[in-house]
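Read from first to last, the chains carry the letters A, B and C; within each, the first residue is number 1.
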């Protein structure tokens, strides 16, 4: 059955022609910042917050919030692409490059599983969180990252679909073999490259 | 956003060909029993996540992959439709 | 796939807009012509699907504003940054078409056989399904006792005000105005709290049945207050609204 057209109805925002070239396939530009979540917003107080790198059930290194704030951070402007088809261009974040944390631990792991408050997880190859591609972000648009957008700190990996930029991140598990995280287990692509439109498993 | 099982009534109608909002859920993690309408529902993300209001564990996850609904009910011990 | 196509035909129906009525500045009631509608129960909702010329489609859920046996109508509040509500409340005209799935929801419904006394608590546009319940109670001649506590930012934003005021005598309707009150206002003001419920909620000993509808924070606060007043969780039915 073909759906009848509802006269006069159209999508809220349209990608401008000038921006079309910058967008991965199937995406449209949004000017707001949709809040998407798989569960209730955690509210971990900063004095209880920590970020850990673990391997094989052992914690290799932990940073408290104060220690994390002492690490070198940079401000970056990036485009972000959500698998639900909205993209936001020119977003400004401040964060610690992930290698600053990972390099403090001697390892030969090829994959990480980022884990967050509330139980969310997502997996990434180590090479995708190094080389200037990933940050542990704590400021968005010049302000401390609000809880609904993943604050106090979230992963920021803009070259992949935004479900890989885990909100409320609390650490990374180092792995030898790739292990699917939350959405990857429910049918989403293990890697998630928006430029090759890798939304679902098997794409 | 956090809603309740009423908000997925239409989606569940599509999946089960029946109105499931009064169906009783039993949480596999904590045993809490509630109608679907009483569960906590997170919509609009890559998928729909239905959680137990007592312990927040995931009861159901529904994603739409290439136009088909994929339903994971492994967080439920039981889902019993009411007549 | 054939099986899916057949079921699709059974679930989504094409509706034609019959009439549109502005209730307040931002709220409009849309009556629909649905030739194959199976009938609905007060409290239920339906899903609307709009398709644009380029094939883009959007779906939203709206509570049914009319009672059992009445023509299907929905009441939509315009959210300024919304994608669907501005279209439904400003652009849509009689003769336009949309797709409808429903009726949906056999838990958040009331009929005279469900008894009472009824306590209906509405936050903003959450009044829509509760109005349908009051209409159904009236039309079926039920003498179940009913009270509606309706929280609105101001009197001008109260939906169905004239109709609700006409229940005087047969059901108790009280408004609480949270942002502005007219001069000389003698009614409730401010957010629903325990002191207000002490004055309007049936005592738990009467085994009341409560229906709360509105935005999530409103519903959760009010449900918590009723449970604290010893209403069993099974006798407090909630429906949370959200989205554009």
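By our rule, a contact is a pair of C-beta atoms (placed from the backbone, for glycine too) under 8 Å apart; a residue touches a chain by one contact, two chains touch by 3 or more.
This one's a predicted model, so the numbers in the text were calculated from it and none came from an experiment.
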item	value
Contacts common to chain A and chain C (chain labels)	B
Between A-B and B-C, the pair with more C-beta contacts	B-C
Between chain C and chain A, distance of the C-alpha-averaged centres to the nearest whole Å	37
Intercentroid distance (Cα basis), chain B paired with chain A, Å	26
Touching two or more other chains - residue numbers and ranges from chain B	1-2, 44
Residues of chain A touching chain C in the complex	1, 3-12, 32
Footprint of chain A on chain B - complex, ascending	1-2, 40, 42, 44-47, 49, 51, 56, 58, 61, 63, 65-66, 70, 72
Chain C residues touching chain A - in the complex, by the definition given at the top	5, 8-9, 12, 14, 49-54, 56-58, 81-84, 87, 91-92, 96-99
Residue ranges of chain C in contact with chain B within the complex	7, 11, 45-47, 59, 61, 101-102, 104-108, 216, 233, 237-243
Chain C-touching residues of chain B, taken from the complex the two chains share	1-7, 9-10, 13-14, 17, 19, 21-22, 35-38, 43-44, 82
